[in-house]
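Labels run A, B, C, D and E following the written order; every chain starts at residue 1.
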Amino acid sequence: MLTPEEWSALWLSLKVSVWCVAAILPPGVLLGWLLARKQFYGKALVEAVVHLPMVLPPVVTGYMLLLALGRNGWLGRWLHEGLGVSVAFSWKGAVIASAVMSFPLMVRAVRLAMSLIEPRLEQAASTLGAGPLRVFFSITLPLAAPGLVTGAILSFARSLGEFGATITFVGNIEGETRTLPLALYTYTQTPGTEEPALRLALISMAAAFAALIGSEILTRRAEQRLSGD
Amino acid sequence: MLFLDVGLNRGRFRLEVRLECDEGVTGLFGPSGSGKSTALGIVAGLLRPDRGRIVLDGETLYDGADGVCLPPHRRRIGLVFQDSQLFPHYSVKGNLLYGLKKIPERERRFAFDGIVDLLALRPLLNAHPRRISGGEKQRVALGRSLLASPRLLLLDEPLASLDTGLKAQILPFLQKIRDELKLPMIYVSHALPEILQLTDRLAVLDQGRILAAGRLDEILQRGSEARHFGPDNILAVTVELHDLESGCTLARFGNLPLVLPLRTDQEIGRTAYVSVHRGEIALSRNAVPELSIQNQWPGRVSKIESRGSGVQVYLDAGVPLIAEISPRAYRELALQEGEIMYALIKTRSFAYLAARTMLDQSASP
Amino acid sequence: ASLTNALTEIAKPFEAKHKTPVRLSFAASSALAKQIEQGAPADVFISADTQWMDYLDGKGKIDRASRVNLLGNTLVLIAPKGKGFPVRVDKNFDFAKALKDKLCTGVVESVPVGIYAKEALTHLGWWGGVKGRVVGTEDVRAALNLVERGECEVGIVYETDARQSKKVDIIGRFPDDSHTPIVYPAARVTPSEDARKFLEHLRQDSAGKIFARYGFKRLAE
Amino acid sequence: MLTPEEWSALWLSLKVSVWCVAAILPPGVLLGWLLARKQFYGKALVEAVVHLPMVLPPVVTGYMLLLALGRNGWLGRWLHEGLGVSVAFSWKGAVIASAVMSFPLMVRAVRLAMSLIEPRLEQAASTLGAGPLRVFFSITLPLAAPGLVTGAILSFARSLGEFGATITFVGNIEGETRTLPLALYTYTQTPGTEEPALRLALISMAAAFAALIGSEILTRRAEQRLSGD
Amino acid sequence: MLFLDVGLNRGRFRLEVRLECDEGVTGLFGPSGSGKSTALGIVAGLLRPDRGRIVLDGETLYDGADGVCLPPHRRRIGLVFQDSQLFPHYSVKGNLLYGLKKIPERERRFAFDGIVDLLALRPLLNAHPRRISGGEKQRVALGRSLLASPRLLLLDEPLASLDTGLKAQILPFLQKIRDELKLPMIYVSHALPEILQLTDRLAVLDQGRILAAGRLDEILQRGSEARHFGPDNILAVTVELHDLESGCTLARFGNLPLVLPLRTDQEIGRTAYVSVHRGEIALSRNAVPELSIQNQWPGRVSKIESRGSGVQVYLDAGVPLIAEISPRAYRELALQEGEIMYALIKTRSFAYLAARTMLDQSASP
């Protein structure tokens, strides 16, 4: 049904998106919690930096990633020479590009959910002998579950559709970095390829649909768990 | 033993509390908004006072000067919130187990099944905490706190929303954990009889300040706090004699002899608490001989307050008493402050508080 | 990017012959140039214009000796199929009047096709009249697409692209002297043997035929 | 300090973003509410359609907008001929492109916040005589305020950074549709223009910063209003 | 007039209620989890029953058969929630005004200032509802509902968390709105004396079913529900004579003559409610002459239950009575079901319920 190229693009896209969500979930939750619960100096600055990739054109973000994490970039060189890790022009780089682009969505969703939690529930847990860590994992996090799900689904979707930063940062290499959007782009660059382009668009939609229906179930379960329906 | 001396500013409200609680139960009593929940929050570590010191069993929990402030989870102080605060993502059972799970087996003071049965929670174990009734929530909250095996238990009106049947089951249980486990408690309630079933050591809070603390009889002695106990005059009396013949119990109230309804279960020589409603105290300018009313005490009118439907007359009869008379009676008597009046109280107007309970276990340190 | 199909086709025999896989990365010349500047593991760079090749050359990122102008292209004026109007491509023609609505091409400041188009229009004296009606697009494909859809009355694109679309008519060709020559330079980025071989392969007749089929002009060195 | 072109791009970006947020706020709130509170047939489908623009590459979204709303699009023709309204190649089209791209963010944020509201508060309001409309506007909406703010700031940021769909749908016309990202893109496409590109990037960041600090104040106020701090 | 006949399934709980409420106040009484809040929710329109009918003043609010179901805001029924549910985005004042604002001036039944003063909310008006105490919340919720001028008021334990002082102020006010505004109310409480200050028309709910409804004396007559009123036996007695000489009030309880403590404020010929604790009823196999205990009634032992510390003996003395005796006494008496025993009750063991209030206004339809 699907050509090998399409399979490869679909598979790559899913891999990148899943890794992206997995990678930003922990720091996103942590930062969302910090922003929701703590007052600290430079909070607005942190906010702004996190949101920056949304505000700049993706190409610029991709370029900045390239500057930082490319083989000659200050961080990239260190990673490459020091640890032998190279992210540029590999699917790992695509994950990084997606992660940077989706991070603000995750942070915001988590922050929103956490700011709406009743803090007295956390207090109740602490009087039952739960230390901050247990309170966080057994009370705060589960109560913010709808926010985590929302953050995850937004990030996943964003990541599935990520194009500008990815192509700028890691290029468009089949089997390595050519995700669905990049494959789609490649087709649109050549005339007379409406049909495969459409197929790819449909594949993207199908992937998104599946993810969204899954998330819908998760969301509903998270909501119901709290409301007891 | 808990020692508490703290101050906290909360906007329009200022708490200044100095309190020592012995083993056993201390009742915290005061009108709505007087700072009872705030005080409990400070002890539990949920609120950080502005200044002061909190010491529990020799361990400093908070010291404003040193900057010591133990976080709540390291205080091992249980708190039953006024609004139960159950975890909505756990079942009733999950809520009950929350604190229990982390306590090593041998440090557990209560068995899960025991608490579940006592609080009649068995049919609810799998229910969602948003899907149970108000009283059920409160019972779950109580059970949850007990199962966490605290070394001090703070109870914020735990029985306010329970029916008498359940109350009558839970109160004896609290008495039992007071006596057998020697678990100290601070018990907030506005129902004095309820408190008195557990203890007669009280702290009376008003507008953020401790007005009085100690045994109820000592508090009553001092007098000025009488109004906090509502429309009843509460008297701490010493039981002297059960006169089976005439069907009375004779007691002494300060220097005054008292004729009470017969109640042979009150031990001779002990303190008993009786209440008499303001409206049941009649005033007379002179002692009235040959009257069925057997208690007639002279006292000086210290204050007269006209309020709503009645006139409140504060009488100093060695101990303070408040009588409420009708405005018409007030006019006819032409009552003046400073006058000596007789308070006439029928034997049957007296009711015993905490009637069927021994008070003294918790009272003696 | 215009090279996508042609290069894919040309790479196949090379892979078969040399048993080396060819990894192609298609993106805007600018993006590719910057990636190479940042150390992308590329062997050969083919640019859609000279400026990005010059840019890399200036940074010493390419093997200057290997640089060749591989291909050329022509700039054409197109209109949706059957909706064209007669155009004479010379300075006397009042193009501004003949054009009722919008003209699309690449962004005239940056996208190569747009830069060439602006040069050509200026050269013909048409620029002043149409300036406000030029819709810049991200790349030449987008411009072609807008014309195909009839959103723009006319467009300026490369002949290679125009020829492959069945939904547009070429209504005029811009003379080569009306703009900087459109060349596709190629160069080695690394001194590797494979790179040399691939560059060689591109210049062979077999490749040339494929390029020609897509409408490219083969340039004599 | 800024050149006229920069001013024009900045001004246009702000105009487009503000209009975008204003335009999607009402339908976003409505849809978020529906998704949070109602169960209906085809709910997952609605979800999926709303999120589609996130999943597809922006260029594809722009292309689909073109198909629908271009002069020859089925909807665009009707708008153009029937009402004389044309959105293609105008800043209004840029607003539409941004709106479509940001809509899922708004909907999700609102939905998340509304699903975390205590429904018994709405019941309390209804026993006080408030009809569904008053309940919605006096209880649900204010309680979901943190979600609205989050949705608005995410949409605003997304809209400030929107590039792919915009350039595809309305092109890059100076003074009309050349927003900051499009102007920035122009520079990144020509070598040796790092300096003006950097200037534009800084302007974008400054705009984003201002918006984020504003939103931070709003967020904090919304959170505090509910918690009473 | 409210007519209610509904059924609702809520998972493990099933409510089946048929109830008619007249003008005035109806007390809804029942143990925790019996369905009181659920029933109020149905009347207010917050819960949709599965079947049945609700009619208020001739207007059908719900009819399962016709599919009629008026939404809550069109019922004009006020509900004070058990857990106040204040709006966190309004100040206390905003909460109070929420319902008031939309009521046309002339339809308002209460003045804002009057309610604020009555409920002692003046200093809190600008406070945030999360920053006030539990009792304060409950007062705000009560005020908010009153100010919305409902035509029926449902009160879910509104005074449970209030101190006696406040209770004593608010109860007379509720009496006043009952009498002067003729605002019908359904009053949920587990404190019988509290209910009796407002009404003696009760509905007793247990496990989702109405066990009994009507005037308390009628309910007591039927007998089997006595256990719901906690450890006290509640007797509805008819006052016959105040014997000033001997200091007693004589009354009739069914066919039995009763000697009660003197209370001249109880009108002759009227019904009065007195309670006597189970533990204060002694049992004897024969009548005991020449004893100070003046009430001695023969009755048949209908059931014996051993529970916890005591043995419960159910006695049918024309009316049902429950006595609690010690296990030792039980053994010594060798009590059998079906035997005739004498219940001995001291005069002073009786306490009057709802002592200082006229009950009858609300009781007569």
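Before moving on, here are some points about what is shown:
Operating definition for what follows: a residue touches a chain if its C-beta (ideal position, glycine included) is under 8 Å from a C-beta of that chain, and two chains touch if they have at least 3 such contacts.
This is a predicted model, so every value here is computed, not measured.
Taking the definition of touch as given, a chain qualifies here only if it contacts chain B and chain C alike; those chains are A.
Of all chains in the assembly, those touching chain A and also chain E are B, D.
Farthest from chain B in terms of Cα centroid separation is C. With each centre defined as the average position of its C-alpha atoms, the distance from chain A to chain D rounds to 19 Å. Centre-to-centre spacing of chain C and chain D amounts to 35 Å, using the average Cα coordinate of each chain.
Centre-to-centre separation between chain A and chain B, using Cα means, comes to 56 Å.
Each of residues 131 in chain E touches at least two other chains. Contacts with at least two other chains are made by residues 145 of chain C.
Within chain D, residues 59, 63, 164, 185, 188, 226-227 each touch two or more of the remaining chains. Contact between chains, per the stated criterion, is found for A-B, A-C, A-D, B-E, C-D, D-E. Remark: chain A residues 59, 62-63, 66-67, 70-73, 76, 88-89, 167-168, 171-174, 176-177, 186, 188-192 touch chain C in the complex. Chain contact summary for the complex, chain A toward chain D: residues 36, 43-44, 47-48, 51-60, 63, 104-105, 108-109, 111-113, 115-117, 119, 146-147, 150, 153-154, 157-158, 160-161, 163-164, 180-182, 184-185, 188, 201, 204-205, 207-209, 212-213, 216, 219, 223, 226-227.
Across the complex, chain B meets chain A through its residues 44-46, 71-74, 76-79, 81, 85, 87-89, 98-99, 102-103, 128-131, 144-145, 148.
Chain contact summary for the complex, chain E toward chain B: residues 10-12, 30-33, 36-38, 82-83, 123, 127, 131-136, 139, 156-157, 160-169, 172, 190-192, 227-232, 244-247, 261-263, 277, 279, 292, 308-309, 346-348, 351, 355-356.
Listed in rising order, the residues of chain D touching chain E in the complex are 118, 120-121, 123-132, 134-135, 138-139, 142-143, 145, 225-228.
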